[in-house]
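In what follows, subunit A forms one complex with subunit B and a second complex with subunit C.
What follows is the complex of A and B.
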């Protein structure tokens, strides 16, 4: 039966084996992940929304657009390979993540820019906090500690090299022009509750 | 402005969008990966939305309301090209059709942004971003699978060769072609076709695919004058099944 169904879920069922075999588990046939950041409105900071699977960063950008911005509003979007996202230790209560980053001696090499993200509430998204220059990611976080820390508790910090990000160019911001009109993608637009109430009233 | 010519033009573009939008929506829940399932379904929805906008323009010109026009006509009253109504087949075919068709559609609306018929020019400007994403999506996939593995290249190649004669049917001339051009509504199928071919060549050149010589091909025509394949009527029956249970129902 396997392999003949029109339903791909059936074709994914494991093949029936023969007795006596012990073998190493086959690796998952799966793409790597890319982190997706969305700017809901012009002037607002970018925030982390989730991840997509894709074979490369350009495919990730294309797939992220509909996966994360097919509803509500969006003014811009970008993606970065998960392997290029550097993370600080996670903290809780009043401990600031910046206080857990070990100081390192000044590094030699060319400075590049890093985008820095803060987790201000546990369970929420990382939000873009600013841009710093550094040789490597740890130095970038130390630079951010001096420049971007502020007064609030920060539970986690991310750093991504600006050059590792696939941005939306300014002329492509029209990708989302018609998005606010697509209310039909929003469950509330169907007013299901009102219709049910009306039906029940009529049935009385 | 010749109203018959204008209506014929609007119907063919609207019908293309409705029929291919419905076909592409048949992939919902069956896409090759979750993210692509969502993207392809979203674009199918965009197509149906764009067809509705065109049916609204037709309604303002005195035609019946969009729902009636979409759900109550028979196959021989539809003006879509045959490419749009072909069954989905495997994903490679759906992707190649999406690439060939949306490349033409994006250029068509780019041309329409200067149309003498204002409602079309306004619609073209409004949906530019949507169409930009559709072609970005198609081009990225074709470049990816057109260079990835021997299997993906061979599958796309086969689908490309199968789909091209149907794609040439997109440019089947209307009986009012000269009037459409003269009145400044649209610069014509011939102009569209040559720009389309240049764009298709440009993308295919970035892959390991071979573009067959289209000049020696016989286009599959007839769709624009209501002569369809056996695949359209079953699609219409399914698409209108719920509507026809109670055409007066409010949704």
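What follows is the complex of A and C.
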């Protein structure tokens, strides 16, 4: 760079072009997005955590692990391309999202399984509600309406073809086994109370 | 970490006259009831614009904020400190990812945000334009700048935009380690040798003014944010946040036997608020607009990173990909 930095590594960086002149970024310079679902504990449903940018679903999985599960307990994780998530209308108050899904005539073709997610409280995350079989996504939502609706208000429904999801294989579940050992990421590892007390005694 | 000193564009409320009054009333009623707004919900243009601006600035602050501390990773005193600082800096960059995603749900692509950062169009928290001369400077950031950020983030987590609140909940949970780690470092400096104590005292002397400026201009001169408060975009005023920070942390700094370089600083028993020397807001503006000790270096480092990563991005590019914003 310019040799003026306090950081020796910065001073070793190469010069690039004239400052202020940056080539415009291509629209997909940083790739498409993938939605990330995390299972916090064994037996709990998967919940939506957010999104990552990645060139493909395998990289999305790796980045999701690093972005969303490096800190707190996690039992499993999966990702799906945002474009493969089918979304119902969003509702509020007493309107149930399932009531806005239009009926369609029975479709012909092979049935596949879809994972269904519910938004039970506005402002919170979508939570996995169950699995249904259907020919297409809209039929999957109708099947979910019949099988998974329950009596709670549901403000939004997502459906993803099971085959479009990159799951964690059972043998990879040990990815998170060492999390509890990484105490250096935990506030409880930085107890300064004794040192502080000792210092205050001395300062008297 | 992050600064509350958002540079909100002078809020021009005249665009509100063009909004559908029925929808606007429903929108405001929803927020007044404490409900969250989600990406697919109707929202006024001004709300969208100001939120993009705020969340984007927050994301940039995480990225740039990782630099002044990151510079001390290689020189951290001992393996434990190095490990902790690496984890903390990684968290900050991770926070930027969460925030960029939240801003994307409002319709600005991540590419555009990064472009606006490296061309200097978008702003980030002003405090990161100052250098970390010593290890103690990095400890000041870990403890006190993060503390200030948490004051701001806890307030914003109760805001009205769903994806931003969810990102902040996660960020606040992660920040608790940063704050404890920072305090731990400072206690060890305070209880150390005379030289270590002097190092931290010097750091306070250098950082106090930027720290006071961190929460943004005084309410007296701040552009009117009434509509942003009503929409729960901005959750508490700059002066309120500054006061809350002083309330929580000045006693802790004094407890360690350090002094704060402001002769006027004291809690006013009549108002219950802190009196202090008004920070120089002209200097604040000047530094935000590019004339600080490290502005050039911070952006240059980002530009070099962008440039050097280009071949990786090109090698990985998926030809069939098309851009869609994340869902929530």
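Points worth noting:
In this section, the second predicted complex is superposed on the first by the 158 of 204 C-alpha atoms of A that agree within 3 Å, B and C clash if a C-alpha of one lies under 4 Å from a C-alpha of the other, contacts with A are read in each partner's own complex, and residues count from 1 in each chain.
Note that in this section contacts are C-beta pairs under 8 Å (C-beta built on N, C-alpha and C of every residue); 3 or more make two chains touch, one makes a residue touch a chain.
Quick caveat, the model's predicted, so the values are computed rather than measured.
Once the two complexes are overlaid on the shared chain, A:185 sits against subunit B and subunit C alike. In the superposed model, A:52 makes contact with both subunit B and subunit C. A simple residue count on subunit A separates subunit B from subunit C, and the partner touching more is C. Legend: residue contacts after superposition of the two complexes on their common chain; A:65 is shown touching subunit B, with no touch to subunit C.
After overlaying the two complexes on the shared chain, residue contacts for A:83 are found with subunit C alone; subunit B is out of touch. Of the two partner chains, subunit B is the only one that A:175 touches; subunit C does not reach it. When both complexes are aligned on chain A by C-alpha atoms, subunit A residues 7, 31, 52-53, 55-56, 59, 66-67, 70, 182, 184-185 touch subunit B in the first and subunit C in the second. Every residue of subunit C that touches subunit A in the complex is listed here, in rising order: 30, 35-36, 38, 40-41, 71, 74, 80, 83-84, 87, 90-91, 94, 97-98, 101, 104, 109-112, 114-115, 118-120, 131-133, 162, 165-167, 170, 173-174, 176-177, 179-181, 183-184, 187-188, 190-191, 255-257, 296-297, 299-301, 303-304, 306-308, 313, 316-318, 321-328. In the complex of the two chains, the subunit B residues touching subunit A come out as 30, 32-36, 38-39, 42-43, 45, 49, 126-130, 132-133, 136-137, 140-141, 144, 148. Interface residues of subunit A facing subunit B in the complex, by the touch rule stated above, are 7-8, 31, 52-56, 58-59, 62-67, 70, 172, 174-178, 182, 184-185. Across the complex, subunit C is touched by residues 1-2, 4-7, 9-10, 13-14, 16-17, 19-20, 22, 24-33, 35, 48-53, 55-56, 59, 66-67, 70-72, 82-83, 85, 87, 89-90, 92, 122-126, 156, 158, 182, 184-192, 195-196, 198-200, 202-203 of subunit A.
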